[in-house]
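Below, chain A partners chain B and then partners chain C, in two separate complexes.
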Partner chain A sequence: MTCIKIDKQLWAQGLAAAEAQYRLFGPVKQGALYQFDALAAGQTPDLDGPNTRTSARAVVYPQSEVLFEYSLDSRDPEAHVLKETPAPAPRAALAVRPCDAYSFVLVRRNFEAPDVKDVYWLRNYAATVFVGLACDRPCSTCFCTSAGCGPYHEEGLDVLLVDEENHYLAKTITDKGAAFLQTAGWRTPADPEAEARIAQRRSAAEARVVSTVPTDRLAQIPQLELYAANFWQDVAFACINCGTCTYLCPTCWCFDIQDETRGNQGIRLRNWDSCMFPLFTLHGSGHNPRGQKVQRVRQRFMHKLKYYVDKYGDGIQCVGCGRCVQYCPVNIDIRRVCELMNGYGQNAACKVA
Partner chain B sequence: MGAYTDKIREIAGRLLKDCQVEMVIGFRKGSMPMMNEPCFVTRADAVDQLVWDGSCGINLANYLTGRTEARIGVVAKGCDSRNIVTHIIENKIKREQLTIIGVPCTGMIDKRRLKNLAPGEVLAVEEDGERVVVRGDGFETVHQRREVLQANCAVCHHRNPVIHDELVGDPVSEQTEVDRYADVRAIEGLSAKEKWDYFEALLAPCLRCYACRNACPLCYCPTCFVDEAMPQWVGKSQNPVDVRTFHFLRAYHCAGRCTDCGSCERACPVGINMRLFTKKLEKDAYEMWGWEAGLSLEQRPPLDTYRPEDPEPFIK
Partner chain C sequence: MQPNPYLPYPVRIDEITIETEDKNLKTFKFSFLDPADEEKFAYRPGQFAELSIAGKGEIPIGIASSPTEKGFVKFTVNKVGLVTSHLHKMKEGDVMGIRGPLGNWYPWDLLAGKNVVIIGGGFAFTTLRSSIIYMLANRERFGDIHVIYGARTPGMLLYRQELAAWEARDDIHMHITVDATQDPSWKYNVGFVPTITDQKAPAADENTYAIICGPPIMIKFTQPVLDARGYAHDHIVMSLENRMKCGIGMCSHCNVGQYFVCKDGPVFTLAQLNAMPKEY
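Up next is the complex of A and B:
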């Protein structure tokens, strides 16, 4: 593991060099919003803002992705041949927050299961180098340190950048990351104390994460008990069943497949879907097993905080980025719900009105 | 507004204790500044969670749709009360099911604006009459309430509940002098090309999460046209044509019904002012038929009545 020093004056120049081989993505200010998006030629990412409104998930898993094209024209010699879209060229996700980067580790479990591999997600993932930016200013809603990661967490990253005023320290985590730094032409080794300083800054940043969520009892409470808990009506009441939480969440992975045909030409698309939508579970028969709002709200929290916990045995399906906390239009706070779930059966009152 | 909170608790407690209602729908203090959570209370000893301040912008009429309880107490500011009237007219709830706890409203705080004005993360917002104090890590700023109101509240003509059984305070003065439609007129004055560009930029960040639709008390169709699968009317991708189709059609479905409560804009996670669409239609309804939605239980809405003197400028 090496540490490179990148003078900020060489930042744009390095990105320009990298652009020749990588398609660059990063935080950009669009109107009043910071968004994680593809950079235009010569554009540098904006590293001064808060974490982006939508996460970096779309780099690997776009909201809408064409899987293949087809022709229904019988005169076309390739009629009915499903033509896969070309594999993605190498891309770099710049200044990804460590929490967002860690989300790819969680999501990968779903897209690269032992028995099923999602080729589309995996080829995008393989083509991407993740260049993280350590987070020195966590928000009041951040609870990453309770969710298996933290402001300097390295899992899921190929390089970790640490901002030291006039330069970045680039901690190389994988060979993929080293290759990216090489392409950008950043080669100056950092001073020998750099790693120690990073460790120090890491502790300081972790101490600034003030929001914590207890998750220690989630695994031991039986699923059916939590499913039948008395607080779901109260938790779900305010919910308007929009897709804000699921669409801003870096760890939500559900999708819907659609064919769109115009004339004789068609495409098959994969779009994000949301367990908050009634259509998500509507059967062809007309029956809907999650036809009520309370069932859908319960599903979202049970999936993230119980089913995932039980299935993979490695914590919750949440990285603590706080987006759903900040942007839920009706203030349904996953931290409160997690507290209710984790404490279920322990203190009988459970703060339910 | 602390007095309102006390009064709401007192009324809610009395209604529940006397079994006049089975539940009271109101707001409880949120976990974030400027975010209160709609909630329901069923026991008199739990009314202390009810609050009122300038962060109760979600329209509670939305929580009444199709409710089957025989008696429901509901806290309602001016716009909520107008949507309750609309709900009653459209048979989404019965008047006799409701005990309306009216709140004379001085406007809701624009959370987005305050966040954008603040030099750092907003950690607390305190309302003190006309003063709004914003605190964060290492800063404190003071704003005049009228300067940080939601755009719809700044031009609201019906701050007092139009229908109520209880009132939590004296009626407030109505803002009769404000120009309601300056923003719509500015867009009406644009060329076709400029309008196109304006709306394209406006809708560019849309995620199709449907928070605007779902926060709206008018959007209660069992299956929305964008969700209809047999047949499917609208594509599901981020194709701009489909995104626009959703927004434009949603707005048209609100014609002559919208009260400009601002819930749609408030709910949007990416800050789109889709109110501009509904407001244009609200302005048309006002100018063509002198109609403002939700003011009277007696009058039928303009789009389900015919009068010989109805304007017909579109027939040339």
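Up next is the complex of A and C:
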């Protein structure tokens, strides 16, 4: 694939051209925090910060998404019949970190099952071009290189941008990415050594990810043994079931479906949900299969680090972005939990840090 | 274009029957607004569907009719929450939606030529009704059929006219029971389902399968009875319930380990359940 050089002076101008055809999303500074959000007309993304607090997940999978509209007006011949919402226009997710882009590859396995397709997720995904920004300054909480990706990982991206001071190198990964660069009017080929420099920077960035997590034994430990492991009470002890981890996680996909009516008109929408909440599993009878906190905490880690591993046979349901580690109000650390799980039966002395 | 698995088929309520003396269970008979949808809704006994009411939401309910009954689909619904309470207030002629069929079904291919023992309790008898109608319509395909069905009182039994009709047949062994009754005209069994199972269920063999569907307490005490009678765990077929939203394995509400009750189930053998966390 080709490499384009984008002079930073042409950045805003290119985005303005792209805006005519794409709805743009990207990192935006809000107060002290960076969020991944929709850009206003003419707004350029803020690329100087660390990875955003919220991931790019909402570009494809909004926190609230309207599935259907309906009328309850008895004069309407189609009253009570649900109407599908129109498909989205093309959009571009700018400066997505490679870990966040890779999360879509993992989540897609859920939404694009062999026999059932989630048309909403898939159409949003298909409408989005992912323009990644290679990550040269990983945080101390990052462990992407242990989670199947890395700071320059290309899987899930259409273009990878590499920041070289006065310009970006844009490595074209897919035709979709090439079309975006074309629309933005960025056409200057990079120098012949660009790819070699990217490879070099990639190695350097990977070396800066100092946090590593072992996952090699997760697949082989029997599921029910891990489920019955003796450390879950310890792991869950401080948890307040706030759900922050699940809302910030780029690979969490659970949702709820609700109807909202105003007057005679209404919408059926889906909202992010969280396995941290007791209502998530509460039966109509009052019975609750995961009524206790420890059961819900175990569910989150077992899902990401064992059920997913067993179901798809291709790694953990985690990209190592470290958000849940950074923002957990009680310092529960998935790296420690993964270590406990991976070492279960081997290292009895292992304790939660 | 991909079909939208969240889009219900529009249906009309044709008939509403109050099933139980507490009036908390009603059977709704639906017909599809577009007759072509009935063919698309091809189902097998044991499957469920999402009943969808615009403005209220959706609920997963087992299909009580049998695919051998044409021109309608039936669901028996217990009044519990928002959607079911609203449904109980709806009238014949009202329009709503049905999304499905969803989930797997009782293992009909495996059950061909086998003896089948159906064990049900309370209002979990709906997909079992579907199964009985289906087996009777294909009677030559099955060996002996036993049905053990219990409710708290005679008035809490579902489908009482059909139960009486099945009692009168000689190709199905009915063992109806109630927990207790003062009714002098009650001519069937009195006792909990596990007790009646112990008394009436045929001895286990390679060719005999038990299908169990009922409240957790019934299952808890019936299973040791079947164990004692020698039923192998891959010969005990169960139908699970869990809170659900999407019904198609996307939203993850109903997961039990790596499986979804809505998509990989609701039907599992006890042998399968033994290898899964008990989160149901």
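Descriptive notes on the structure:
Rule of thumb we're sticking to: the second predicted complex is superposed on the first by the 351 of 353 C-alpha atoms of A that agree within 3 Å, B and C clash if a C-alpha of one lies under 4 Å from a C-alpha of the other, contacts with A are read in each partner's own complex, and residues count from 1 in each chain.
By our rule, contacts are C-beta pairs under 8 Å (C-beta built on N, C-alpha and C of every residue); 3 or more make two chains touch, one makes a residue touch a chain.
Please read all numbers here as calculations on a predicted model, not as lab measurements.
Superposition of the two structures on chain A shows chain C fitting alongside chain B with no clash. Of the two partner chains placed by the overlay, neither chain B nor chain C lies in contact with A:Glu155. In the overlay built on the shared chain, the residue A:Asp136 is in contact with neither chain B nor chain C.
Look at A:Leu282: by the touch rule set out above, it reaches both chain B and chain C.
The three-chain arrangement built by superposing both structures on chain A places chain B and chain C 90° apart around the Cα centre of chain A, to the nearest 10.
In the superposition on chain A, A:Tyr227 contacts chain C only, with no contact to chain B. When the shared chain is aligned, no partner comes close enough to touch A:Glu339: not chain B, not chain C.
Residue contacts after overlaying the shared chain place A:Arg268 against chain C, while chain B stays out of touching range.
In the superposed model, A:Asp46 lies in contact with neither chain B nor chain C. After overlaying the two complexes on the shared chain, residue contacts for A:Glu164 are found with neither chain B nor chain C.
After overlaying the two complexes on the shared chain, residue contacts for A:Glu206 are found with neither chain B nor chain C. With chain A used as the common frame, chain B approaches chain C to a shortest CA-CA distance of 6 Å.
Chain A residues in contact with chain B (one complex) as well as with chain C (other complex) are 256, 258, 282.
By the touch rule above, chain B contacts chain A in their complex via residues 30-32, 35-43, 46, 49, 58, 62-63, 112, 116, 121, 123, 201, 204-205, 207-211, 213-215, 223, 227, 229, 235-239, 266-271.
Within the complex formed with chain C, the chain A residues making contact are 67-68, 70, 72, 79-82, 84, 110-111, 113, 116-120, 122, 223-224, 227, 253-259, 261, 266, 268, 270, 273, 275, 280-285, 287, 289-290, 295, 299, 302-303, 307-308, 310-311. Residue ranges of chain C in contact with chain A, taken from their complex: 2-8, 10, 33, 52-58, 78, 80-81, 84, 94-97, 216, 241-243, 245-246, 248-253, 255-258, 263, 275-280.
Taken together, the chain A residues at the contact with chain B in this complex read 30-33, 35, 50, 53-54, 63-64, 139-141, 234, 237-238, 240-244, 246-248, 256, 258, 260, 269, 271, 274, 277-279, 282, 325-333, 335-336, 353.
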